[in-house]
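The same chain A turns up in both complexes below, where it pairs with chain B and then with chain C.
Take a look at the complex of A and B:
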């Protein structure tokens, strides 16, 4: 592990230099660690400081020789030769060292290697007590100081003692360097938290101009986006994309960071803001970016943004884009509801077709196209959207309950109405009441004549058969199962599943949900092998959605399969970068390269 | 049960007494020798005259005239160093009669003039100091009875207050009341390193070597704030991570100032362990050093370090090699028990190390 220790802080405290200086960086050697191996495992005694010419420091060399680590030994020989071409490795490298200097430092280095810094300090102090003439090597002291400073910096940052973060960095500038990027980020964050935005900005600028890795520069810009203005992010991006380019690095991703951040910001606002609160120019920019990237997640978010405002035509357009770029039941759900809002029921049904009976989401959305009628009060045939239609098209589930209540008080309960109440209650995250509604619907179905109102409404399908080829009884069973899932009754449901009157597709879906719930529990209980087992079983039934992909990544991460976790997080993040996926990528990456 | 961890220490009273700035300024203005006063028979006579009662009780003048097991230990150590066996015996006798009433071989930590022992918990440093003084007395006066008594105390301590946590062998500050669930509350200044070394030399007492080793590890871990000072009271979780203990003053101060004293006395020389104290002293010019520093925040009190504390800083600064001198003023006419004791202990340590005559 190369650990050049040229400090960033010195640069940070002065003006930002753009000169192509050889700043600290994680060289390829630093990347060669096995998955999950922490950097402490690979101490670099001797690489902490560049020895003076003619005074080659052989401490590390002798340490590696002593512990028999030939690979590192050779790397160290190469490094020392590079520093001093006239230098030759000592002949007695493998001979036991005379103890004229008094003390063999290996035990202390071994403690440092194991991350036992306090124990190393104690051992050094005890050795100095016993051998007052002995001085620990400068390398050893440097390594201890650095490890402690980094620990202090992290501790202060974790407990939000921002000034202490800055003090720790100032006391040990080498703890803040490109090869300790996490520390540099923490320092910048500390400045930002203390409202010293200029210093934070300078720190970020130094990182993106001095640290060569494009990926690190891009990540830094994302980090900085929490603390800096749009204009500063623009400047940072321009700097990161151009300053001190290193061979073999592609800075296109750095250049794209600004737009991604802006898109993320706007999408976040689109998701949470009140309708119409995005300005026309924001909206235009967002639309442009989403089209450019064919970002189906972004298109979905925009679709819902318009759907909430009852701008069904715009919503339909974006759901269609999303579905075109990446077909999904979520996109189909949006399409169905947007078409329903436009009154184009045939197209809504057509959009549902690929998912009918396979996705509860789609089956539910279809109800806004062909909603259950109450009590036969209204004739079949041409009809404007009912109160219930409108509520469902708006995804206004409280409105759904009100409409159903009104219909029931007008003309009594029907299986369809009570089932719909169950679905709306589920949407409102009131699963116990939902389950009760499905039980009630089941009881009603037992009393209702087989040829009920449903037949009048839909002459094509039999009354006993609802959408997607499922019977009323099956829908009730299905609704109850979903409600029990939501209440967390996974154990009971797992036991009952085989006996439930469900279609095979429904069974698969419920089983998949059970498996993902169980996987979530396994993750909470830190049973990571179980998480993988459960997710694998689920994946055989249905494709793995993004959130479960992230769950799988954390399980891998915790099983020390950090490289695999990183790859998975990265692929998820590449598809759609959210805060969650970025943090997952960052954490796994830090663990592989920086967590020491 | 009274929680011994919340014992109002002499140090609190000291703060109250010294809070007037004028008193502090007056103390510091006294012209004094740059060198700490040496510890000798005359120094002991002065100490005994002021703090030792005829019956053998060492009085904490800064704390309502109470006595502590710790004070008895300090008094016995000073008497031993001054070769005053008669006073040593008086103190040991009083300690046995009045404090060693628990039945487990350890001493109750405090005796009050108006009630004697009201809280039977022990203070581990008091027991350690007493046992160490007995071992030193046994050496000096070739008295096996002292060694036997010391060995009994050491054995009782091992049974009552030595615990394992996170791979370390640690010293509880007292038998009761310092375990909070998985977390231990520790006092770093209770590691009287030279005493622990003496204990480890006793037959079958190797565990004390581990206690000492773990103490060094603890002192490397339990560093807080910008000076990286140890807290008076430290909480150590089951994973071995230290924090400044809740329920105590979150500070470095009257307790932890003894950490460098004991390390120095035991022959430790690594500047790493002395630098925090030296840096604190250096920041305040070696004179108006604050008596306490809040941790991790770093807020200092108006109260200045006493003469005895400055004597410790002087010692620590010399070992740290930070190049700063600490001026130790002469004792004031009413210098209290704790300050005087610390000053004499610092002088004894320096003399035993050959630093000073």
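Take a look at the complex of A and C:
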């Protein structure tokens, strides 16, 4: 986020409790900036009835210039210009200033800039005690008032005292402005939480029409989507994309926000997988958006939506799209199961080929194509999908358990059946029983050659050989390791890992999982150096997923390496913006610029 | 001169002693944290369950939080095809054994009250998805007093969730123990929830010091 300090615009919150409209330009003759947005003009507190040309207070400006805080300097220049359009920044802004008689306010500004408002107040009071004739500048006092009001507003918001949020904003309208956008969002949220949706809507409208940054307008629309109806979001988007365009800002992203929100809502509903949970028009819209954006994640979600409804052809189509746009083992898994549902086993095997032996989810999905057979005595030749095939294709793991139980009752346990039971138990979040099943399968494997298997089966896949180039023993060991990971047995598993009979790829996968679990624990324990150490070790084995990237960012943040944290959060957010990544970016940005 | 020199030497020595190890200092924030789960044998559990072929002990684990809490999780067999493990969890809260321990205690590992209507609703929805759950109107009683429970059912299965907090330090608990929290979750194919509750009704706590049974106190 190249978030330059937003010009202050003279945008004020005026008469919050009286008018539903929050912001106003404080420049002379403020104007209604968009249809339906009423603007009330209120002078900035401390600025008198009207700003007098040539009388702006440049104290803060010179302070920011002296310390080289360009972001705040730009914001202050914009603020002063809004107060007095004829004002120009002094040419000697960066020249050393002669020491003037009287009190140097720099130390107070330094405290304000660091967010140490109480200390700044105390320092001002102490200075006044020492120099009774000295009066702090109006600008300094105003900054202190604003910072305190913003603190009250945030405190009320954090503790969900919504009416107090509104009261705090009403008491200090300047605390709610484009360069304090978080406060404006909190005010809108307070209205929404108090069911004053109209006022929330008005506040959001004012933000997207007055604040020039396209990114902030877009973020505002996303925030508003939690509280507003679809029609209101549409209106907000139209307003944000057109009202008061600022030079150099591209509002295309604002225009796209509504579609993104709607796609998100529809995908969420698709996730419920109830037949008919999406209307035909919703579905058509969703499909169109996903195709336009070539959104592989959306295609996967749609694939599962159809797969759960046993519409295997549609599911196969969407999994194929996802795989085409961005090949992944998740897309391959869906393709395999969809083909299995259609009875097209050769194509399912072909879809699995690039991932066979490299992805446990693909190896598992393949079992719906070549499932373990009970007893090994089934005749070879054409046959329809078995009860177990069908359950696995539906991802019906309770059905899987039932089918295996029936098969075992019919013809006794086999290694493959008991292993499959272990995988289904894992899916049902019963890891302890899953581990026991893999242990049982291991014991059976030791006996199986003695018991003998059907010649046909052995000729195809031998008792010792499983899919993906791993042996039965390795699959059992792998299943046990995954089950132990699920039960939280990280210490025991770490100790045993070297001895386990796993393929190198499995060993790396298990070790990576152990390291990420340990990193999570280290973060909880506030051992931030350990978090980085563990994540670094993990990164040498496998690429870092975004959730661990965010974990790394918080570790950096807590180690006061805030700039690094911000860059990391920003790069994650730029790739795929989620609430979590947006909050991380926002928090680190505010910490860097003391914009709390 | 020699006095000054000695003073300087002593100062340097004192500074060195005071700052020794500063480079390796870390904030001691781990004494209150929760350890990872580790496996234990069923015989090491502070509880014994009546034999029940439907609900055999599949695995047992324990972890501690600070020096005050020890938590045990006993995974029981689940004869249904429903998701989720059948289990008994036991949290034992002991009194701190030092002044420091009394001053710096970890956050409680279980809430009190154990459930509110809202948290119970959330828990039941998470434990028994797609089942109809009802909270029993009347408490039941085991060896350690009254406990509350809820029942969830679908067409084929019945599940129970029971919870109990033992805090009677005056009569039941040994002086070292502040409280014991029990929670039991079981799904089975029986339609009768009492059958599912039998293990919870018959459990016996085995702490180093004797926990007296509630019914044994009625005549006192």
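FYI, the second predicted complex is superposed on the first by the 401 of 596 C-alpha atoms of A that agree within 3 Å, B and C clash if a C-alpha of one lies under 4 Å from a C-alpha of the other, contacts with A are read in each partner's own complex, and residues count from 1 in each chain.
We adopt the following convention: contacts are C-beta pairs under 8 Å (C-beta built on N, C-alpha and C of every residue); 3 or more make two chains touch, one makes a residue touch a chain.
Keep in mind that this is a model prediction, so the values were computed, not measured.
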First (chain B), second (chain C), both or neither touched by A:532: neither
Partner chain(s) touched by A:132 [first = chain B, second = chain C, both, neither]: first
Which superposed partner A:124 touches (first chain B, second chain C, both, neither): first
Which of chain B and chain C A:489 touches, first, second, both or neither: second
First (chain B), second (chain C), both or neither touched by A:550: neither
Touch count on chain A, higher of chain B and chain C: C
Partner chain in contact with A:164 - chain B first, chain C second, else both or neither: first
Partner chain(s) touched by A:233 [first = chain B, second = chain C, both, neither]: neither
Partner chain(s) touched by A:429 [first = chain B, second = chain C, both, neither]: second
Residues of chain A contacting chain B in one complex and chain C in the other: none
Residues on chain A engaged by chain B in the complex (per definition of touch): 117-119, 121-122, 124-126, 128-129, 132, 152, 161, 164, 167
Residue ranges of chain A touching chain C (in the complex, touch as defined): 397-399, 401-402, 428-433, 435-436, 487-492, 521, 524-527
Touching residues (chain side chain C, partner chain A) in the complex: 27, 29-30, 33, 36-39, 58-59, 61, 75, 77-78, 81-85
In the complex, chain B residues that touch chain A: 213, 216-221, 225-226, 228, 266-270, 272-273, 296
